[in-house]
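Here come two complexes built around chain A, the first alongside chain B, the second alongside chain C.
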Partner chain A sequence: MNISVPHDKRANKLKSTRIAGKLVNDYWQMVWRAKEEGKLICWYEGSAINPFLEAADICWVHGEAYSAMLAARHQEVKAQQAAEERGYMKELCSYARTHLGCAVSNQRTRNDTDTGIAFGPEDDDLSAKLPPPDMIISAYAYCSTGQQWDEMTSRVFGKKIPIFNVSLPWIWGAKKDAGYLRGQEWEETSRYVERQLYDMVKFIEERTGKPYPWDRLRAMMADIRRASELRLEAMELCTNTPAPASFFDWVVSIAPINNLPVDGVVQYFETVLAEVKARVAAGEGAVPTEKYRLFFDGIMNWNKVGWLAEKFARYDANVVAGRYTHMAFWQEPSLINPQDPVLGMAQNYLICPNNHASPILIDLIMGLCEKFKVDGMVIHASRTCRAFTNPQFLIADAAHKRLGLQTSMFEGDVTDESFYKDELLNSRVEAMFEAIDSRRLLV
Partner chain B sequence: MDSQQILGIFAAAANDPLGYARAWKDRTGRPVIGSFPMNFPGELAHAAGTLPMILQESPDPITVGHGLLFPFYCGYTRSMVDQAARGDFDVLDAIMFGDHCVQLLGAADAIRVQLTQTRVIFFQLISSMCDPWTQGRSEESFAALRAELEDLLGAPVPDAALHDSIRLFNRNRVLIRKLYDMRKTGKAPLRAAEMQHVVKSSMIMDKAEHTALLEQLVAFHEQAAPQAQPGMRLHLSGHFCQAPKPEILSMIEDCGAIIVGDDLYHGFRYISTDVPEIGDPIAGLARWYLDRNTGVPCPTRVQNNVDWDAYLLDAIAEERADGMIVLMAKFCEPHMYYYPEVKEAFEARGVPHLLIETEHESMALEGLKTRVETFVEIIRRRAAAA
Partner chain C sequence: MKQHVMGIDFGSTTAKTVILDLKGRMVASRVSHMGAVSGDGVKDSVAGALEDAGLTQADIGRTVSTGYGRRMLDIADKNFTEITCHARGAVSMVPDARLVIDIGGQDSKVISVDSNGLVAQFAMNDRCAAGTGKFLEALARAMEVQLDDMGDIALEATQTLKISSMCATFAETEVISLLAEGQTKPDVLGAVHAAIAARTLGLVGRVGKKGPVVMTGGVARNPAAVHHIEKALGMPLILPETPQIAGALGAALIALDDYRAEHKLAISEADDDAMDRQMAEDKACIPGCKGVPGSMVVEPALPAKGKLGRLLGAIQNNL
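Presenting the complex of A and B:
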């Protein structure tokens, strides 16, 4: 550990992404008020089915988003404790544990109130503040944990809440014609999911008692398609040196594209794109000195976003792209036909950053590494998200062998800070930088 | 052959599955197809003239597999990847995966990369069990699997052959269920490790050979008089893809317990349900897949209208068991999700249960033994007080 790390080097975060903070806040305020306003509430995780719900005036609660928000505000512990008290073990996905903890708190509070015991949640206890669902929709790509989490939520609420399951098969891609967005398997799987989404809409109609407002969905999907194009254009500009924005800026921009109300999203990404363009014109980077360009593999450490951004900035490292941000969240806008959006929505759900088996997945990641001209890859082995850790040794191996990249793995977790090991990250990242330096000397 | 000799043959196959497969292949010259637990229809591969075998966790410590899967994965998946990386699966002509648990998916990916010479086939069974399309989708998956097999072997898998295989597999299951019944009454007082060998060898051995031996074993016990079995009657639950280590089973029995029932995958879960013998065989296999989960609910599936905890309480009443030991393979997420339900239901009903977390690596049996002894003692006192 002989790299000296100056503490005055700060990450040069995009200013425009501050708007995301306000939008996130407004969204959760809306969720917390929803019961009083007589809205139906749907809990879901995984795939961004929120436009289907928003169009039908259903308030949507994205489980990961709530867990991530609690972690980002360092308020996750109460929820995790509530889950633990019910017996959910620490090795379970911490997103799920945190969100299930909210369900447990909610039930406990309600039951305690039912029995007349004067015990309500404190106002600032966000774990108990989440309104209970009137319906649950499960549409989780790849990860069995996601589907089981939804089932458990339904069970915590006594199986009294209607639940609808959408099955999103993994793309194995072994057939001769298989590839990214092509081949018989892709076509068949897309149609299978599309059929289920139409059934999901019937389920929504049964809940609302109204015909489904397809026009509203079409309009929303036009906006989402546009927002996605703007987001991808801004990301693309980070192929410039120095890169004007970092992986961490794109992490902050996940909520707007993934789960916030559609209205306002296009404007958000227009603002972001404008700032990114201005930075490119001015030669301004996301870190004060861009000595290393890195790819980030793995899901986010939500209690560490800002902290990690600062850490890498101090090392003169610009994390310019990542699997989580660059391979997900309406990632393929061209597949969305706003006039007839369901198939394209199904397909976007199928291309979550884990849902292709490793040969296709790794080709995509290597493509990003080349495109963004990275020198190394930092790999977040998230202890309780095995969906992300599954292919990581294979990814690291491919990065070495195909692109000669240095890699560095560190342990952490999505929302459980106790799995995070700072010392390990420091020493491994420093070793990676030293290796990159020596390689450069040789070249 | 006497019953001990038969059990010896079963134990030998259970202890060296790949060795059995090699010998079978040498003897028959036919292909061997490995599969992952827990819902693979071996009937299909059998009807195609191959030896279907469910791949088993190896007792060996993980070596090269460390570089392919993280240590926070269940022992089964880590061992599978390790065996693949060490070249132990060279006897297999193909591997077929068909399941859903996220850790299995990781293992499938890692194994495909290792086994460049082996056809690695994947089909994902729908895991949401009570949707209007579950049956249809399962049929599609099994039909796709059949097509893959036909492509692999270059020959059709005729319906008639599939019906024959279904009948044979059903017979095998019926016989093992008879043993289970006779275990409850004391007519077949098999030790837990012996029962595991019976089931585990059925996952490995040529089905006709296994069934013929089972016929003899069952006949032997049917003639025997029930034996009084001293000890507290326990049900063993959980432990999905991997067989619990026989030394743990023996340790539990040595603490004064007799195992009268289980819902282990290497146990009753595997043989709980038969495939319809008439009608379209693919539709029959799909029916079997659905029925299994209502018969013995599985935490790797989701089905809002069945409850594993309720099933367990019923099973325990039927087995006249005094309590239950839950064996949980460390890091098994499906089990961790459902465990709180089971715990709450058992506590509410006042049925004693003990959770034991098992690891692939060697476990401190002495410490565990103390816990099991205490548990058995508590049950004994409760029974005496009742």
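Presenting the complex of A and C:
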């Protein structure tokens, strides 16, 4: 075939990201023990409000993170089946479906509603191991399912769990002075969310019965700001050719910056940055031969992270940047003032990449494509995440018309593997590489 | 050096084979229905094309495969995707084409082609068999009509019905319901073809509508599909004489490029002999020379008349 796919070519993943795997395991072990240790438990989805919770010594369970972890371990099906038995259809966001399945499984296996301690006939059944929530906080940008998901969780637990809602308005970007991080709408929306976060802290104080430890939050946000700066610096080094790390390395590094305990996050990204710098110095790339540089638009297929990393490496394709990794997860550290962090936290929640009007979103993506000197764009249309897929035809059109990039779209899903068809991806991606090759010959 | 190349399109419902000589002339083509698993169809297609050309596989210098089964063929030297091959084949059939609509058995695709005949952008059905040949096959079975007759029957429709589901399975349910309501087969089939056209229009929108538009693939032989797509597009479709073989032809042309490039410094014994004969006929000094043109032969200047002329003539004769 024209597009070479030798099976001996392997992705050269960052060694330091293995630490992320350990940190993830340690964190979930802590979560599974939390009820026995007498901790309050909060379930939440979407925005990274976990520093607010961690500072107050509340154990936090991020729904997408748990679903993603199950999918990455290929243990998601049992939870999804439990959700479907309860009536949640297959078209529902598979993050939500998986997490709701965990709630259903938890309810089925709880022996005593007073203690809420979960047990199951099989100790390795992770779908039933989550401790039930003592509170739910809903703070979801853009995604309407996210807000309903929390209501559904509440219903699974008999509507006995107190919920606090934080409304994160969509950034329309329609006013004359509107733009990325600027304009009247941006200022007003930021303040609106900031006020709600202070109200959320009062809700937390009511649950814990203690004054909120602001000093702990400030210290944590100083660490998160530093970790984010290190992460962005390492990502920036991938403008080098060959790029020393890939989109998939940054996918694996989402958990440390987004939902793991803050302690250790700075060291993690210092280690990652050191390895990336060493690779740049040695001219070492994330794939053995970097023939194509790609941008990945779309949310991650969590049961395919390693699979896709290896697949693109075999194609000599280095996926050097992506919307999911480069435009989310505390991506604007300069907005965070560690001495007074709440406004900057609100603003980082607001700039979830799906929460912008398409013109702003597309400008940001085109900027990344130019900065990382990509040859093409591979687009993952997630079957059950319409929030991410809605603007993808517009993005593809802009990539083609503004930058002359080839694009290729394939369907999959965040945690439901049944929507992914390998041959569909192969055909579309190979066609894109063939088109890139033919243009190079012409030049 | 061998004198022929082959392109094979190993599709989901049919296998197509094209054999070209080294001047790019088609010497044989064959379309066979197939069992995708057994691969009998593709074997039949290749064997038939070779037989028609009076060749054996050993006579083929380069073989390129395409289609969903492209990697399964041991005889293929290289394989390319349907996008690349259909674009190449369609543009060779209709050289000024700028948009290629190909509806095959398992997928439908729209390819935008630039002025160099290269793929500028493409879109394919992403999610299911909606709008493909399989969709038509399923509905032909449900309506108990022959696949080849569907188009002609659909053109007899007298009223506009709507098939709202693009899922092949649910569309089958809708079709059966419409028939149960007493709707006629032509009217229902008209709706089926309009649904395919609507789906195709969506793909066209993704790559940009422009013309001339050429339609390839087996569904291009269906007059109702062509009619409804033309109506939806508001543009005429150019139909090659053999739309089904566009992918195989594109594969064969890529094989030809590849084989020529590899052998650009080689010359076969037969070609060498032919060149010798041609040079002798042309009285040529180097290959390609057509001899010395008459206009370039300078006749000796005639001696000028008169005293001076005679004198010059005498001098020249004595030199």
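The definition used in the following text is that the second predicted complex is superposed on the first by the 429 of 443 C-alpha atoms of A that agree within 3 Å, B and C clash if a C-alpha of one lies under 4 Å from a C-alpha of the other, contacts with A are read in each partner's own complex, and residues count from 1 in each chain.
Definition applied: a contact is a pair of C-beta atoms (placed from the backbone, for glycine too) under 8 Å apart; a residue touches a chain by one contact, two chains touch by 3 or more.
None of these values were measured; they are calculated from a predicted model.
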Message = Contacts for A:Leu442 in the overlay, against chain B (first) and chain C (second): which applies, first, second, both or neither?
response = second
Ask   = Is A:Thr271 contacted by the first partner chain B, the second partner chain C, both or neither?
value = neither
Query = Counting only touches as set out at the top, which of chain B and chain C does A:Thr289 meet: first, second, both, neither?
reply = neither
Task = With the two complexes superposed on chain A, say which partner A:Ser427 touches: chain B (first), chain C (second), both, or neither.
result = second
Request  = Classify the contacts of A:Ala381 with the two partner chains as first (chain B alone), second (chain C alone), both, or neither.
outcome  = both
Inquiry  = I'd like to know which partner A:Asn337 touches here: chain B for first, chain C for second, both or neither.
reply    = neither
Task = Mind working out whether A:Thr407 is in touch with chain B, chain C, both or neither, as first, second, both or neither?
result = second
Key: Which of chain B and chain C A:Phe393 touches, first, second, both or neither   = both
Request  = May I ask you to name which of chain B and chain C touches more residues of chain A?
outcome  = B
Common interface positions of chain A, toward chain B and toward chain C = 381, 383, 393
Task = Provide the residue numbers of chain A that touch chain C in the complex, in ascending order.
result = 1-2, 381, 383, 393, 396-397, 400, 406-407, 409-411, 423-424, 427-428, 430-431, 434-435, 438-439, 442
Remark   = In the complex, the residues of chain C that touch chain A are 68, 70-71, 78-84, 107, 116, 118-124, 126-127, 206
Ask   = In their shared complex, at which residues does chain A touch chain B?
value = 86-89, 91-93, 138, 142-145, 147-152, 154-155, 159, 163, 165, 167, 169-170, 172, 174, 192, 195-196, 199, 357-359, 381, 383, 386-387, 389-394
Ask   = Given the complex with chain A, which residues does chain B contribute to the contact?
value = 67-70, 72-73, 100-103, 105-106, 108-110, 112-113, 120-124, 126-128, 131-133, 137, 299-300, 302, 304, 330-331, 333-334, 336-341, 343-344
